[in-house]
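We call the chains A, B, C and D, going by the order they appear; numbering starts again at 1 in every chain.
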Amino acid sequence: MNTTFTLGTMHLKNRVLVASGTFGYGNEAAPYTDLSRLGGIVTKSVSWLPRQGNAPTRIAETTAGMLNSIGLANVGIDAFISDKLPFLRALETSIIVNIAASSIDEYVDVMERLESEEGIQGYEINVSCPNVKEGGLNFGTRCDMTESITRELRKRTSRTLIIKLTPNVTHIGDFARACEAEGADAVSLINTLVGMAVNIHTRRPVLSTITGGLSGPAIKPVALAKVFEVHKAVSIPIIGIGGITTWQDAIEFLLVGASAIQVGTASFRDPDAAAKIAAGMEEYCAAHGVSDIQELVGGLRIPEGVAAPGFVKTR
Amino acid sequence: MNTTFTLGTMHLKNRVLVASGTFGYGNEAAPYTDLSRLGGIVTKSVSWLPRQGNAPTRIAETTAGMLNSIGLANVGIDAFISDKLPFLRALETSIIVNIAASSIDEYVDVMERLESEEGIQGYEINVSCPNVKEGGLNFGTRCDMTESITRELRKRTSRTLIIKLTPNVTHIGDFARACEAEGADAVSLINTLVGMAVNIHTRRPVLSTITGGLSGPAIKPVALAKVFEVHKAVSIPIIGIGGITTWQDAIEFLLVGASAIQVGTASFRDPDAAAKIAAGMEEYCAAHGVSDIQELVGGLRIPEGVAAPGFVKTR
Amino acid sequence: MPVINADLRVTANDLIAEETWTLRFHSPELAAQLRPGQFLNILTSANVDPLLRRPYSISNVVGDECEIMYSLVGKGTHALSQKIPGDTIGVLGPLGNTFGYEKSFGTAIIIAGGIGVAPFPFLTRELQQREIPLITFLGARNSARVVSRGLANLHVATDDGSEGFHGNVIAALSAYLDDHRVENPMIFACGPNPMLKAAQAFALDRGIACELSLESEMACGIGICQGCPVERHQGERKFALVCTEGPCFDSNDILFQEQQHA
Amino acid sequence: MPVINADLRVTANDLIAEETWTLRFHSPELAAQLRPGQFLNILTSANVDPLLRRPYSISNVVGDECEIMYSLVGKGTHALSQKIPGDTIGVLGPLGNTFGYEKSFGTAIIIAGGIGVAPFPFLTRELQQREIPLITFLGARNSARVVSRGLANLHVATDDGSEGFHGNVIAALSAYLDDHRVENPMIFACGPNPMLKAAQAFALDRGIACELSLESEMACGIGICQGCPVERHQGERKFALVCTEGPCFDSNDILFQEQQHA
């Protein structure tokens, strides 16, 4: 049975990646799972300079979800290359470096620095972090900015280029189309939804940044609808993200149009979750006579007479 | 202790309403709760003609939430007035009729018909239902449409006019500002988030309309952030909605800026939920020496040095 | 009699057949009110996973105790199966209409498929108290799943032939009626949709009165969510609500669509 | 030794003081590896409410069994309190660093506030095995909440004066040290932040070495979420992660902010 997937110039051994910011740089979770069973690892967002991140409190549990405002805490590009990349490079899985920045120049600088490093198969561009003041969501909620970033980065790499979209917009399909037009190999979605929690005893926001990003099982229905919407809008592959906890969840994302998926918050409950999901998907395919998992991608059966919802603009 | 609230020309006995579409027309739940303990009842959306609603399957449970695509099934304005209003009118609570329509003319017609009926204290205008093809989300995601609807309706009533906003937009504050500018007495939010679920056995969407509206505890953090955002944008009162299940949830909404709240999905778990929440809020106020619950509205304490998140445009 | 929305004390919870359980709880008020065909909406878990109540047919009433019967399917029934005597469960009811067992007919023909057997011990008792003759056709996957308790005049059909008639329950009934004369019969059927559809066609074909007890996704169980429609055959209203207008319907009123969404 | 991420069998779960429980589970592998100060990240519920694991200090190791101690607070501890022997719980660990009980000092001064007593039975045993003298100061809300088992040389302080010293535990320690000579002491403290802050100030003032076991919101417990920072006093890195660099820190390394977010 074939579970592999070619995305741009990158070959994934299966459809299951771990999501940026939820799996560190691979080494931390290594004792708890077999990293070679993953299709790929998307690193914590890397920026040019190290970022200390936001003050505590950075996370808050909500019902079937969690809020985070980590603030892109990361070691910065130099330390990433010297301290983190050697470990990642040696793994038998694809490495996708997620890049965050507060200006187009910073994105370009980080990517150009990484271009000369071996052992990186692709980039995922975080234009959509809700938890930093400059850049972040401001890029991701403006179609023209998303377009410019994609254009500038595409010029500079032949590695696989994935743009990670925010769900916090009215028409996500427009953003995906902009990425496709500018030559992105894929879009990944969704990043977190803007959310908030209040401590009624102190009457203060729980998070030091007031609002944060909502992730986990709570957001899965929203993520599925967004992937479905983007699938109707573009022809480039989609990487589905949002609340995926079981292999059944992953199959749902494939059916609505995702070519691959990322496991985020679920790794906090179980660092072995992504590997288990990959195994579960294989068993499902074997049991249902699916010889190539690609058969499932976009395989949603829409009963006759049912029109796509109004908000979906068809190509 | 004072829990009352004057909203436009309407006097609410407390801050707890039941949300449109989650409490029928009051009569169905009457055996299970004391309706006179509610601040108000917002009716199921009423349209000019009766609507049969969407084909089954109309609801799907998700993790800590549910999707619905009822399709505004309702008895229509005539039957509402003859069969439902007499019961509502006799209750010792405020009655707010929620109006749905597929054109501005239809909104106007429904409202004008209701203007001549007694026992209605206010209107909530549903510009944001994600589950009908014409109108619905198309109105709610276009600021100019929201503006026109508010303007036309404001001309025709001196009763309390509340516009119900959808969360499925990039900048909800803009919509609230448009409502405020056109004379709405309040905005209520959030309506449901667009979401989806897939049956992996049949490979079909669970809902007959493919996508539906997500509600319940899962969406509470998103709703809180939207209310907070709108609170920074406008001065008119806000009615907070989304996942409220306990009185603690309700207090969170007040602190971020809601003057009143609506209980939706929680009534399905317990038809007495709203009354229990109202009682819980009173006890909380009594225990914490809050003599007027208005003290809590917008009472969030933001520690010094913490800036509001970037996406919040201040007035 | 007041409706009940309360946490009630579980008195028994037993595995009675393969993946099939009965759960009893104490409620004199419900015991006094419930009628065969009605259902209860049950909060299987105090936390919000699963979020919604689950509807269960009333399976029997014994003294001050009420019994439901369930088969293990997903989250809700898993949570139910963990209950032990002394625990409480949240119960809302009585809900829905009753079987038309007070209509005039000669013999009741009960058709049950799988866990669709749930409402029939209670119906059987009421029929027997009224001295109305009855025959019961019970379809099950296999012998291990046959739940015969509380039933009378039982004819079993199993998919794998491990007990009784080898085949589906409608075929078993059909064969029976070919050989036996049944005076003025009326069918009461509960089970999976394909079975109900077959029962509907069979009843129409033979001109037998027939009531179907339907299932539907339900959020509220009391008519406030509009989530549980079933398509009607005729009339100006296209849909009926299973929770308040059912779950028991005249089989001629119901239009089964090609199952678009299972 | 391999790390553990498994469902382990609960062997005991007992109420030992007001709203205070100990839970034991069977795990020879963990029993062999765990050291005082470390913690485990525990899945309190199989469903997703609550979603995240909860960290608990290892409270003791007895043969092949490990023990945690918890006080009833919210969802997670409510779920824990429902466990009965034979149930399983998901355990991830061992996690975090250990108390510096192998450093060179003369007498260990243990300061515990509330459920902050949890790690100290285990530490006490290790100290006693090494024949290191120790004194324990335990602060509790009232007498009903005092958990003395596994502790040694105990001085109790209660907020309401219902047992021992009337007042906070730092005041009790201070009074003690005014009257007694303690050779080359080192403080090990665990409890609510205000207590830790007081311990920090006290240790600085008296020039006593001091380690604090800190809490923080944690999503993962293994360093992959960056959710659990504590602010550092100095150095180029502003934050340290409580889960991987702690939970035990030299008290001079930690900067307690005015509690902005509780």
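By definition in this document, contacts are C-beta pairs under 8 Å (C-beta built on N, C-alpha and C of every residue); 3 or more make two chains touch, one makes a residue touch a chain.
Keep in mind it's a predicted model, so treat the numbers as computed, not measured.
The chains touching chain B as well as chain D are A, C. Comparing chain pairs B-C and A-C, the larger number of C-beta contacts belongs to B-C. Rounded to whole angstrom, the centroid-to-centroid distance between chain A and chain B, based on C-alpha atoms, equals 33 Å.
Centre-to-centre separation of chain A and chain D, using mean CA positions: 36 Å.
Averaged Cα coordinates give chain A a centre that lies 46 Å from the centre of chain C.
Among the residues of chain D, those touching two or more other chains are numbered 48-49, 260-261. Multi-chain contact residues of chain B (touching two or more other chains): 62-65, 202, 204-205, 208, 217, 303, 306.
Chain-to-chain contact here is organised exhaustively, every possible pair of chains being in touch. Considering their complex, residues 62-65, 67, 130, 133-134, 136-138, 141, 168-170, 193-198, 200, 202-205, 208-211, 214, 217-222, 224-225, 228, 243, 248, 251-252, 255-256, 299-303, 306-311 of chain B touch chain A.
Residue ranges on chain A touching chain C, taken from their complex, read 63-64, 303, 306.
Those residues of chain C that touch chain B in the shared complex are 2-3, 5, 43, 48-53, 90, 92, 216-220, 222-231, 237-239, 244, 257, 260-262. By the touch rule above, chain C contacts chain A in their complex via residues 48-49, 260-261. Residues 21-24, 28-29, 31-32, 44, 52-53, 55-66, 68, 70, 73, 199, 201-202, 204-208, 216-217, 245, 265, 267-272 of chain B are the ones touching chain C in the complex.
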